[in-house]
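Chain naming follows the written order as A, B, C and D, and within any one chain the residues start at number 1.
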Amino acid sequence: MQREVASAGGAPASDADPVPRRRFSGRVLLPAAALAVMLAAIFVLQPRAMSYNGMRLLLGFSLPLMFAAMAQMCVIAASDIDLGLGTYIGLVNSLSALLLADRPLLGVLSLVGCVLAYAGMGAFIEARRLPSIVVTLGASFVWLGLALLVLPTPGGASPAWLSALVRLKPPLVPLSIVVAVLLALVGHWLFMRSSYGVVLRGIGSTPQAVRRAGWSLLTARTVLYGLAGVFGLIAGLVLTGLNTTGDANFGAPYTLLSISAVIVGGGEFFGGIVAPVGAVIGAFIMLLTGSLLSFMDVSTDWQLSVQGAILILVLGTRAFRRRRA
Amino acid sequence: SVGHADGTGVATGDTSGKKIALSNSYAGNSWRQQMLKTWDRATADAIKDKVIKAAKVVNANASAPEQANHIESLIVEGWDAIVINAASPTALNGVIQEACDQHIVVVVFDGLATAPCAYKVAYDYTAMGKMEADFAIKKLGGKGNVLEVRGIAGVSVDDDIHKGLVDTFATAPGIKVVGSVYGNWTQTIAQKEVASVLPSLPPVNMVVTQGGDGWGTFQAFKAAGRPTPTIVFGNRQDELKLWSDLLKADPGYDTFSASSAPGCASVAFWVAQQVLAGKKVPNTIYLPLPRIEQADLESWLKVMPDGAVATPVYSQAWTADLIDANAAGKPLPPSPVAKLGDM
Amino acid sequence: MSGATDSLVVLGGIAKQFGAVRALAGVDLTILPGEVLAVVGHNGAGKSTLMQVLIGTLAPDTGSIAVAGRDETAGYDVRRAHALGIRCVFQELSLCPNLRVFENVRILHHGLMGFGWPRRARRLVRAALDEIFPGHGIDADAVVGDLSIGQRQMVEIARAFTVTDQPVRLVILDEPTSSLGARAAEQLLRFTRRAAGRGISCIFISHRLREVLEHTDRVVVMRDGQVVARDRAADLTEALLVERMGVMADAAHAASTRANGAGADLPVRVDIQPTAGGTIRLIARAGEVVGLAGLDGHGQRDTLLQAFAAPRGGGPGARVDGSVAYVSGDRPREGVFPLWSIGRNVTIGLLRRLSRGGFLSPQAESATADEWRLRVKVRTPDMNNPILSLSGGNQQKVLIARAFACGADILLLDDPMRGVDVGTKQELFEDIRAEADAGKCVLLYTTETQELQHCDRVYVFYRGAITEEIARAALTEDRVLRASFGQTDDTGQHSGGRADAA
Amino acid sequence: MNRRWLDANPWVWSLIGAVLVWGLTVASVEGRGGMETLSTALGFATFYVIVGIGQMLVISAGPGNIDLSIPSVMMLSGYLSMGVMHAQDAGLVLGVLVALGVGLGAGIANVVLIRGLNIPPMIATLAAGFVMQSMTIAYSRGSTAKPAPLLLQFSLARVLGVPVIALLFLAVAGVVAFVLARSSFGRSVLAIGQNARAAYLAGVRIPRTMAAVYLVSSVLASVAGLLLAAYSGGASLNMAEDFLLMSIAVVVLGGTAISGGQATVAGVWSASLFLYLIVTMLNVLGVGAGLRYVITGLIIIGVLAVSKSRPA
C-alpha cells in the first residue's frame, strides 16, 4: 500500500527507495544469520571447533560443495534445474584422477570436452525448447555411464600439485574461507555487477523480453550452462585433490546438495532470482548440518529427521519474514 | 600390557578412558540396520564393563562427501578411534590420512577404504565368488545355465565377487552365464531386473546372488511362472525362510547361503579397542565368510527375528584370536554360532 | 511509394498470415522523420502485427522494408532495427521483473558495458524519466517487479528514448496510454511532440481517439489487415475517424445512464472501508455502476481486491453481500490462461454452472462459449482456437465475457477496457449497464475520465482513502482531477449515497 | 497422424519408443518370450504409473510443484501396512487402511509445509521425505514386513496374461484423464498451473485444489508402496529407491509440461512401459553398466527431443 501511494503522482522518489534495498539484503542476510546460528551452536557444543585447525577440518569439504552450488546457480538463474550436476562432478573426478597425473594433455583435453558438452547441452535445451529437468536427468545417466566406462572401479590418482593446492594452509584463515570469499566475489561480480550478467538473469524471468531487445537466447543459455560446466569442473577437480583418487559414484550426492544450497542461500527456482553470495553461504549451511548432527549426538534413527527439520527451519523462517514484509 | 608374552591373546592395556566412534555411510537397508544393532550391543557392553568410555554412530545418507564431513567433525571432537564403513574405497582417503595424522586409530570394514594408515577388516569377496562358482559347477555337473545377480555397478565388492565368479567359471566350459543383471542388493530392484530378462532366457538352472537379492530373484521366477532354479542365497531372514520353505516342498533343494555378516562391525570395534590397548595388529585382517549349510539352517532361523540378517556376535577374545591368526598367517578361527538374542 | 528519399521508413506490401488468419494483407506505410504518426483500427486490425514486422521480431511473409532510403528487407531483425534507430514499446510489457530499473536499461543497450555501466545506465534512465514523466517517483534501483503496472510502463517508455551508441530515430508506442494514468499519458503525449521537434519520429497506437486527434500529425486507419485511410489529424474529427475504422457506434457521446429509477431501497451489496482509512466508506447497491477514480495506484485496486476476497473469508472492514467476479486489465498476469482455447478461457469462470452430475457437459460448454462469442463479438472463427491467437483487445473481451457469464451478483472491473477499441467499448458499456439494470452491482476502476461517464456515482481515491464522492450529474473532469490530488470540493462531499441523474 | 494431432497427443512418441525397444529386444533373442516380456513390463510399469499419476497432477499444478517425498511415502506405507498385516489375511483391511492413512498424513504434512509455511515444494517435500525415512528406519527394527497372502495373490494375479493391477490402474488412469478434462477440479488444477493469479481472480479455489493435488499424490504413493511391498513379498528399507527420478521421468517423457497447466495421462502409461522396456532391452543385450547408463540417458533425451514439436 505504502509503496503504491509513494510511487504514484508527485510523491518524492525517496519513498519508493527502501523497499527493494531491504528485500535484496534480506535475501543474503537470512542465510548469513542462519549460518551464524549454526556456527554458534557448533562452537558451544564443541569448543575445539573454534580454532584454525578445527575450522579447517570442519570446512574441508566445503570447497567442492561451494563450486557445485555456484554451478547449480548458473542453471537456476535461467529458471532451469540441473539434475545431472552430481554425476558430472563424478565424471570430472574420474577423468582427472585417471588422466591428469599420467597423461596431462589428454586429461586437459577431456576436461575441456566436458565443459563443451555442458555448454552444448544448454544450447540443445534452448534450440529445441526442451524442459531442462528431463534433459539433465537424461544427461545424469550419460555422465555416470561415461564415468563408469573410464573408471569402472574407484582408483586413479590425483596429480600432486592438485592435492597440494587444496591442502594449502594459508596463514590466519583456512583455505576454504579464503576461497569462499573469492568465489562469492567472483559470482557476485559475474551475475550482479557485470553487464552480461544482467542478460543472463533476464532470460530467467522474461526470455521473450530479452530476445526482443536483440539478444540471442541461444548464446545466453549456452554461456550459462558453459559456466555451470566450468564451476562443476572445478568442483570435480577439487574433489579429486581432496580425495586423492577418483570414484564414478562419488559426485552423485552433489545434485541435491547443490540445489538445496542455492535455495537455502536465497535463490528461487523461478524468475531468474539468484544470490551468488547466498549460494556460497548455503553451501556452508548444508555442509555444517552434517557436523551439527555429529556434535548433537542424535540417535541414528532420527538423524535424517533433524536434517529435514533444519531445512524446514531455514526456509520456513524466510517465507515467514517475506510474508510479514 | 599384552595378554601373553609373545604378544598373542587379548591386549589388556587400559582403554577405559577411550572413545570410539562409528562413521557409517548408509543406514537404509536391513543389513546396515543389523550392523548398527550389533555395534550398539558391542559398545553398550564395553561401556558397561568399563572397557571404553564412550561410543557413537554417525550415518551419512549414502553420500561420500557427507561422510567425509562427518569424519572431519569426529576428528575435531577428538575421538580416540574412528571405525568406518566407507561409502567409497578411495574417496575418504584424504580425511582418513588427516585422522591418522592426528594420531587417531582408524579401522575400516565392510565398505573398505584403501588409505594405507587405516586398519582394514576385510572379507575376501573374490573368494566368495569363487565359492559360489565352485558350488555351481559341482551342483550342475559342469554343464548348465547360470544367471548372475550382481550388486551395485562401480562398487568394489560387486567387482570382487564378479571377478571370483568369472575366473572360476572360465575353468568350466560347460557352464553358460546366460544373463547378468544388477540387483543393487535390493529385493525389489533384483526382482525387477531379473523379471526383465527372464522371458528372453533359456531355462535357468542356477542363480548366483550376492545377498539381499535372493528373495526378489525368487519372486521374479514365480511371477513369470518359471520353475524355481537353485538359488545361492544371501543371509537375510527372508531368504533363509524361503530356503527353508523350499526345502519343505522339495527336500532335495540343495543350496547354501554365503554373505558377509553385519557382525563384522563388532570385529572392527574390537580391533580398534585392541589397537588402543596396545596390541600389535596387522594392517589387513581377513574375516571368515559365514557360510550357512542346510544342516544349520533351522538352528539359524530359530534365533533370527523377522527382518534380521544372520550374523554371529564376535567377542573381544574371538577378535584377538582372529588378529593373531592373521598375524601368524594361520587358518582363521571359525565363525561362532549365533545364540538367541544375538540378532 | 512516394518520397522514398526523404522518408524515414517505407514499408511496402507487407503481408502476414497466421494459419487461417490473414493478419496483414499487403500494407504500405511511410513514416517521415520527426512526425507523430497514429495508427488506429479495431481490435485485431493488425496494428501490433505490423509493428512487430517493423521492429523485426516478426518476419513478414512478403513485403519490403526500407529505412532512410536503403532497402533493408534482407536479414532484417531486431538488432538491425536497433542499429537503425528503431525502438518499440510493445503492447504486452517487455521488462524483466527480477531486474532493477537500470538493469532493464542495460538489456536494451548492447553497448552499455564496461567499467561504470551501472552508473551510466542509472543516469540515462533517470534523465529520460525526469524529462518524460516529471515527478514520476521511480527509483532507478527499484526492482521492476515491485513497481505498479503504470510505473513499469513509464520505465519501458523512458527506456525506449534513452540513447547510447545507437541513435533513436523512431519509437513505436503500442497502446502505451492504456496502462498509464491520465496524467502520465498526458505527459507522454506532450513529450512525443517535443521529441518530434528534435527529429525523432513516433508511431502511436491507441484506442483513445481524442488523444490521437489532439496529439498526432497524421493518422493511418487499419481495418482487417489493410490500411484503409491516411489523413492529417487536423482534417479529422472523432466521428469521421470512427467511420473510417468501420465500427458502428456513436462514440463516447452517448454515455448511457441508468434506465430505471430504482433508489436507496435496493440492497447494499458492497460496503468497504478503504485500507488507509478516511471518513468516506465505499457503498454500492444492487443496480448501480459505481466508479473508482483517481491517479493510478492510490488504493482503488486494493479496494477491489478487498471486495473480491471478502465473500471468501476476506479481511475486516469489508462487507460484501453476494457472489463476485473480477476482470483485470492486466491480461497476461491476471487474466489469460495461455495454454487454453478461447472457449475454456470463458468457461473457467462458471464451472459449477456447466456441470451435470459433477462433470462438465461438453455441449453446454461449447454452447456457452459460442453464445459469448456473439455477445461480446470476439473476432475468431472458432472458440476452440488458442486464446493467444487473439489480438490484445479481443483477449480482453474474452475476460469480460468470463465475468458476465458466471452470473455473479457483483462485478469488480479493474480497468476492464484496456486495449478495447471504441466501438466494442461502447457496446460493452451498454452490456454493463444492462447487467446493472438486471440487478447486478458493478464497481468500475478506470483511469480514463471519459469512462467514468458510464457510472452512477464516482469515488475519488487519494493516498489509499476516498477523498470525494461525486454524483453522475456533478461529474466533471476538472473536479475528478482536483480530488485526485486530495483537494476536495466542499459542495459535493457528502452527497449521501446516491445521485439522481437522468 | 498429422503433426497437429501428434502435438496434441505427445504420448504417442514414447509409445512408439516402447514398441521399437520391445521389437528390438524380442528380435535379439529370435522372438523368444515376446508376450511374457510385455506382460512383465505391464506389471512393473504399473508401479511407475501409480506414482506417475500423482506426480503428474502435482507437476501440472504449476512451475515448481514437484513431489520429492514419493519414495519415502512408499517406504513408510509399505512397512507400516505389512507390519500390521503380520502376513495374515485377517489384517488385510487394517493394513490397507494404515497405508491410506500414511498417504493422507504425508499429504497433509506436505500441504502444511508448502501452503502453511510457504516453503518451496521441492524443498518441503524433500524435508518431509527425510522425516518419513527416519520414521521408517526407526519403525523397521525387528518388525514383520510380509504381506497378507490374499494381497500377495492379488498383486501377482493375471487375467489372460495381463496383470490385474495393470488393468486396475488402466481404469484409474482413465478416470483421472476424464476428471482432468471434464471436472471442475481438473480444470482448476490446470488453470492454477498456467496462471495462479488469474485462477485466483477467476474464482478458482486455490487452497483446496492445491491441497487435493498433494493429497492425491501422497495417497497414490502410499498405494504404490502397499502394492509394491506385496508384489515383492515384503517391504524392505530401500524398496522405493528408483522411484524418485522415475516418477518425474515418466511424467515428462509422457508429454506433460514441466511448467504446468497441461497433463497427459496416457503418456504416463506409455512412458512407464517405455522406460521399463529399455531396462529389459539392455539386460537382454547384456550391455555393461557404463554403456547401459549412457544409452538410457541418450534415449531419454532423444525421445524428449523428437516429441517436442516446435524447434526454435
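List of remarks:
As a convention for this text, a contact is a pair of C-beta atoms (placed from the backbone, for glycine too) under 8 Å apart; a residue touches a chain by one contact, two chains touch by 3 or more.
Model, not experiment: these values are computed from the prediction.
Here C-D and A-B are compared, and the pair linked by more C-beta contacts is A-B. The mean-CA centres of chain C and chain D are about 45 angstrom from one another, to the nearest whole unit. Work out the mean CA point of chain A and of chain B, and you get 36 Å between them. Centroids built from CA atoms put chain D at 34 Å from chain B. For this pair, chain A with chain D, the centres built from the Cα atoms lie 29 Å apart. Contacts with at least two other chains are made by residues 148, 152, 303-304, 307 of chain A. For chain B, residues that reach two or more other chains under the stated contact definition are 27, 153-154.
Chain pairs that touch one another are A-B, A-C, A-D, B-D, C-D.
Across the interface of their complex, chain B is touched by residues 25-26, 28-29, 32-37, 40-41, 43-44, 133, 137, 140-146, 156, 228, 231-234, 236-242, 276, 279-280, 283-284, 286, 289-290, 293 of chain D. Every residue of chain B that touches chain A in the complex is listed here, in rising order: 24, 27, 36, 56-66, 68-70, 72-78, 87-95, 98, 114, 152-156, 159.
Of all the residues in chain A, the ones that touch chain B in their complex are 46, 48-49, 54, 57-58, 60-61, 64-65, 148, 152-155, 163, 239, 242-250, 252-254, 257, 287, 290-291, 293-295, 297, 300, 303-304, 307.
Those residues of chain B lying in contact with chain D across their complex are 27-30, 33, 37, 153-154, 179-182, 184, 186-189, 191-193, 195-202, 215-216, 219, 222-224, 238, 305-308.
Listed in rising order, the residues of chain A touching chain C in the complex are 1, 3-17, 19-21, 23-24, 193, 195-196, 198-199, 201-202, 204-206, 208-215, 271-273.
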